[in-house]
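Two complexes follow with chain A in common, the first pairing it with chain B and the second with chain C.
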Partner chain A sequence: MSELSSNQQSQVELQFRIRRKRWLNVGAVYLILILISFLFMGPFLFGAISSLKDNPTEWPPTIQTAQLSPRNWLGAFNLARQAGSGGLFGQFKAGKMVQLKVTYRFPAGHEVVLPEVSIPVRVAGSGQAALDLTQKYAADYLEVSAVEEIKRWTEGGAIYAEYQIMISNPSHFNFDIVPLNLKVPYQVEFVQGTLTPNNIERLGMVQSWKNISSGLIPYIFHNYDRVFNENYSRSTGRSLFLSWVLNSFFISIMRVITTLILAAMAGYVLARLKFVGQKLFFVLILFSMMIPAQVTFISNYLVLRDGVFGLSKMFGVNSLLNTFSGLIIQGMVSGSAVFIMKQFFAGLPRSLEESACIDGASTYQTFFKIMLPLAKPALGALTILTFQGTWNDFFMPLVIITSPMDKFPLTVGLLSFRIMYGAAGMAWGPILAGAIISALPIIILFVVFQKYFVEGISFTGLKG
Partner chain B sequence: MENKWRFLKEKSAPYLLLTPFVIWFLIFFGYAFIRVLFFSFTDYDLFATPRFVGLSNFQGLFREFLFARALKNSLTYAIIVTTFQTIGALILAVVLNYKIRGIKFFRAAYYMPSVTSSVVITLIFIWLFQRKGVINYLLTLFAQYRLLIWVFLIFFLISQTLLVLKEKWRQRPVSIFEPSYVVLSLLLAVVITFLLKTGGFISILTVQPLETIWLNTRETTPNWAGSLAFPRPLAAIMFLNIWTTIPTFMLLYLAGLQDIPLSLYQAAEVDGASTVQKFWYVTVPQLRHITFLVVTMGLISTLQMFDQVAIIGGQAPQESIITLAYYVYVTMFPRSAIAEVGMASAAALVLAVLTLIIVVIQQRVTGERRYKSE
Partner chain C sequence: MKTRLLWGIMFLVLIISSVSQAATEIRIAGFGGNDQNIVEELIARFVETELAAQGVKIIYEPIADDYPRYILNALSAGTAADLFYMDIFWAKNVIKTGAVEPLDSYLQDSAVLSKDDIVTSLLEGFTVDGSLYGIPKDFNSLALFYNKDLFDIAGVEYPNSEDTWESLEQKLEKVVAIDQNFIGMALQPDFARMGALAYANGWEPFVGNETNLLAPEFKEAFAVYTDLKAKGLGLMPADIGQGWGGGAFATGNTATCLEGAWIIGFLRDQAPNLNYDATLLPKSTATGERGNFIFTVAWGINADSQNKELTFKVLEALTSPAAQQWVLERGLAIPSRKSLVDNPYFENETKEAQANKIVFIGAATGQVKPFSFKEYGGKWIDPINAALAEVMSGQSTVEQALATAQKRLDEDVMK
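The block that comes next holds the complex of A and B.
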């Protein structure tokens, strides 16, 4: 009897050990998976966080940024509310007054003095925006009405003092940008404030804010704000970056439409029709998928320059260079798109067409009314792949569209961003923000239509 | 009459449906390819009428320093990146082939670098590789903590060996990488390292922040390789490209892994094969044809590398990152000179021929296999 129970006991123990081991195994696998996902997602995530920073190349790099601290969110929200606007998007309205609190640490023996407050003139951006002489600057109208000490205490030998700064707008104008500078003597340390300053310069003596009444959203996403509002087209006066985004959408959608129509038609015929030289034709299509654009662009550039053998002159256009039509025509279909459609149609049973034929349908009717609706899954995959391919395409737009800048698609625009902001000691904030924005549509598309991406890869093998 | 018209319409229908694609294909691929072939024997400069110059463009190419560098860079790049991305993709696919909850999320997460554009990724990487960038920071951190890391690794290995030996001594079947022991050893090593650190036996080293210049430099890497070493900026691009293409090829491997019959693994288990042995003698040979596809696709796509070079542009010296594709582009559109379309075409042909060689080999081999299997 007792033998049995000890046997049972050891059974239970064995069960327990097996279960424990299985849990440990699963844990180990998850650990490895999480570590690797840091490797693959890390650069994006850290890039996204850093695109919020004032200085994305600070040393050491941290993930704690002023823009992600709730205290600053509250500060930015409240300051914008005091300035007379909603807290999310701010503006310094006429007749309003805001109150800013800052705390300084004076080392032992140092004389406690009020900080010097000034509202500097800061010209934002380049190009047309910077040359706008009619613009009114907050510096010329706003007043610093009071700087008062409200609290003082000692801690560890040093004196801490908290000040209250009142800034008012006695004019009749509203201001979008209200920068602020505070200056204290050497060795006096900035501890905290309603809003963390964007820059601390001159060995800690000057704390500067880019815009105290910006409101919550522009405060957090100030680099994104710069991306859209700092660069304006010289010819149309519209925001360059916004134009690039719209261009990319336009070109991608147009190319998706042309590719769907042409590839479905050609793919269907190639899947069903037998003709002389068919095999050679397939091999040629396969070659065209492998041969890089850097080989064929030499001729394609010239073809577009001459308006596709002068055909474009019928529409009153001499050259298709620097036009969206040129870019769309050059990429209106592709060998791989036709290949995908051909593979799909070849997999559909012939009996469908045979019964349609008996019912007296013409080839066109069979294709448009019966086969095309059946091809929805393939057309879906093709839509996603073409959109992604065109949105990410860099080389052909670089060749075909060189000027003016407001005709660039996003990829070429980002390159010009790199050059533009790279000139002035690399302002990485706007560059990273631009990169993140341009990655967003594709990432959203990927999250929603994941399975199409995977299908596309197995179809074509695709180039990196 | 009307019947005849309908008959004609019906007969011509397939051809009419095919026509738009064929016209596009003839103009933008067929004509383009023939024209590049034609230009490569002329001295065309975009404006004057082209003159036939024989083979002098090709002779000129092989005399030019920049082209030699481009060819060398392209080949080094293709070979190294393809090797690493193939190995990486295989390992990653094996890891992602575990059937546990949430694996779909991880597959999607790993695939992220492959869907975003090369421009975005290159910009983020240029930023990571800045002199005060994240890569240098991580290397500095490693230098600071290297003593701790070594201690940690040594104790981990000791503990793992002891645990495995204990099981072996009791004559139980156990693999060297038994996950539950790995977790146990990791925990033990963390505790020991922490105790040694708080006890003051080992400490974090103080080192100068590393300020390696990754992009704007003419230095080569690795140092010991002599004339085989490649430029450091190119190494940065290699790193970037391996990172972005591993997930793409991982998917191909994943599909292949799911096709391997389970019975093979079961048979191997009966024969007493370890995890490593199963990987080496079952998984790798079964994935042979996929590996072939991955290698050829990898070679083709790496030979065409252009975007990364163009975006890094002035951030690195041109001759250390120039590739064949970029050479064609800058010869076609030089900054301040007349376009040398002839030279550009000749270089483009070299690129095309290299690609075609790989494609032909690929077709031969896969075609043969198809023939055999039939």
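The block that comes next holds the complex of A and C.
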């Protein structure tokens, strides 16, 4: 009896040990995965949170930003509703009035006075907006209709007072931007308000809001709003940032198309067809992968400058510099793409083609009808790698596309942000917002197509 | 075979879709960012209307990064724009390569632009062997920007044009005594700020071909500047996590900083309510004189340009009184034409207009020198900046730091 139980006990113990080991293993794997994902996603998430802040470089950094507080969301939503618009997106409509509450702390012995309320004129210091002097300012039309004290209490010797501020728009115009300033005497402290001020300036004496009726979305994503709305093209009037995003998509998609077509055809030819110099071609293609892009960049540039040995003159174009065509042509297909496709086709069984041949298919038919559909996984991987590579490409677009700004792809556009928002000191908010937007498509692409990503890497054992 | 060729050609047609234009092109190269916005607007408003009849197409090419390297490379490779920016800091290096067209003969024939129209002190930096190579588009100089609130709270008189460094120090002492968070002055460890003090003392950066950092005039200015930190009257912007004096000033705790008009646009965005004003730089306590730098960028014409006459016409339009007035009204740059001194803009009571006016006046009072250092450029400044940073961060004394800087200048830079 006792023998059996000890046997059972050891059995249970063994099982327990096995289970414990298994759980430990699982735990370790998850821990490592969490650490790695934090390592990779951490900076992105940190950047994403910082891009929402009024002061992205605040030190020490916190995640409790005003833009992430539900209290402020409610405030921004309600203010925009009162101003006569939907709440998510706001505008101060004609004839409307909004009500704002703020609380101040007056230190003991300090006289309690009403805050001075004003709607200032704010002119942008940089960007296209700085050049436009003809815009209508809310300051010239809106009125502060009432500033009243509604509550007062004492706490710890200090007097707290809550005020209600009414701002009305008696004009016939709607205003997109309504900034607000409140001024109190020195040492009076701002406690809270319907909406947390964007800036507390002048040693705490001035609380300023960039736009009280912006609505919820522009309130949270104010830097994104700036990125899209502050920079517009002088020639077309369209948002520059939007153009850059579209350009990047256009160039990436065009390059994906050219790469898929050319790499698939070249890969098939090198893998299957027999012709004189086949080996030589393959070696040349491999060779092209071994030369760093920096080495060929000047000759590539000159070739584009002369319109690919004057060929482009047939189409009435003297030089391919500063054209999308030039940018697409110089990266039409890469050696590594051909290599991926060649390796994939070489791995497919020959019997498929032989049976197609017996059924009377020509080389083209075999390629387009039989082989290409089979190559979907490789094409998928190639699509992602090419798209990612082109989307993130910075150097060649910087050299080839020079003007106007409408033509920039996103990467080059972001560089001009650095100068635009960093002319004298940096405004990191819009720069971060732009960077986050530029990273998003790749992240989405990765999440959706991660299966192909892994396959693509396993095909080649190379980077993208 | 034929189908393949056909496919190929169709593909090329698909790819190459842009259409060429027969008009003459004038290419302009300059900085990116704000400059691009301004110049493109100027081109549309003032140049294209002027040159519409000739069928000229004007293209602005913004150079996003490292402009001086770009322009030197492009000029030697023959791909440079017809008209381009030349910063006074390195303009003479470019001019001496012979790649910039002298403008004297054009100016003689011009009805709308002459040397006499431009603020005289700006031209020196672009004159080599008596010939003028660039027309300044705008300029900047240093001014003392001060935060009125801090002086009000401390009950101290604002800094004014009568102040010497000594009397300013006394005022700052009273300001920082009020609150330990108050900073008297943002002290960038940079010759581009401290140099103004040395010039005020009567120091010459080059005597013959020598630079003497150990001269008493320089040493005294260096000591005044670095002592502000030692006396607790100032901090380096980096000490409070800021990249430059303007950043420190925008926090609202800094009473004064030495900056140019470039700070104005920055403050509009970063600290729209900052209650500031500007005055001329303080006078040297010893000489009673003021010193200052001229920072300016000029338009230069490519000597290899195919259309020099037309390019000069473009230059004329870009620097016309109307164009400069347009830029001035936006408060973004200070025009280089003398006639705009009396512009009504400067009479505006706004803090921005007043600051611009002070910068305008600052460029013509006292010992004003262009911000350029022969062919040495940044290399000449580096040892001095390093010395400033060393002394202000307490790693070295004034004597040691200056001796090291002098040695570096003699042995590495000006050998």
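Basically, the second predicted complex is superposed on the first by the 400 of 464 C-alpha atoms of A that agree within 3 Å, B and C clash if a C-alpha of one lies under 4 Å from a C-alpha of the other, contacts with A are read in each partner's own complex, and residues count from 1 in each chain.
Criterion: a residue touches a chain if its C-beta (ideal position, glycine included) is under 8 Å from a C-beta of that chain, and two chains touch if they have at least 3 such contacts.
Fair warning: this is a prediction, and the values are worked out from it, not measured in the lab.
Of the two partner chains placed by the overlay, only chain B lies in contact with A:T363; chain C stays clear of it. In the superposition on chain A, contact of A:N181 is made with chain C only, not with chain B.
Legend: residue contacts after superposition of the two complexes on their common chain; A:M205 is shown touching chain C, with no touch to chain B.
By the touch criterion defined above, A:L415 reaches both chain B and chain C. Contacts of A:N318 after superposition on the shared chain: chain C is touched, whereas chain B is not.
Touch criterion met: A:P60 reaches chain B, while chain C stays clear of it.
Once chain A of one complex is fitted onto chain A of the other, the partner contacts of A:A439 are limited to chain B, with no touch recorded for chain C. Looking at the superposition, the partner that touches the larger set of chain A residues, chain B or chain C, turns out to be B.
In the superposition on chain A, A:L242 contacts neither chain B nor chain C.
After overlaying the two complexes on the shared chain, residue contacts for A:S403 are found with chain C alone; chain B is out of touch.
In the superposition on chain A, the residues of chain A contacted by chain B and by chain C overlap at 57, 59, 398, 415, 418-419, 422, 426. Of all the residues in chain A, the ones that touch chain B in their complex are 20-21, 24-33, 36-37, 39-41, 43-44, 46-47, 50, 56-61, 262-263, 265-266, 268-270, 272-273, 283-288, 290-292, 294-303, 308, 330, 332-333, 335, 338, 362-364, 367, 388, 391-392, 394-395, 398-399, 411, 414-415, 418-419, 422, 426, 428, 431-432, 434-436, 438-439, 442-443, 445-447, 450, 453-454, 457-458, 461-464.
Contacts from chain A toward chain C in the complex involve residues 57, 59, 120, 122-128, 130-131, 133, 179, 181, 186, 199, 201-203, 205-206, 208, 234-235, 254, 258, 305, 311-312, 315-318, 320, 323-325, 328-329, 398, 402-405, 412, 415-416, 418-427. In the complex of the two chains, the chain C residues touching chain A come out as 12-13, 15-20, 31-34, 36-38, 40-41, 44, 59-62, 64-65, 79, 149-150, 153, 241-244, 246-247, 250, 252-253, 262-275, 329-330, 332. Within the complex formed with chain A, the residues of chain B that make contact are 6, 9-10, 13-15, 17-18, 20-22, 24-25, 27-33, 35-36, 39, 46, 92, 95-96, 98, 100, 103, 106, 108-121, 123-128, 130, 132-134, 137, 179-180, 182-184, 209, 241, 243-245, 247-248, 251-252, 255, 293, 297, 300-304, 306-307, 310-311, 313-315, 324-325, 328-329, 332-333, 341, 344-345, 348-349, 351-352, 355-356, 359, 363.
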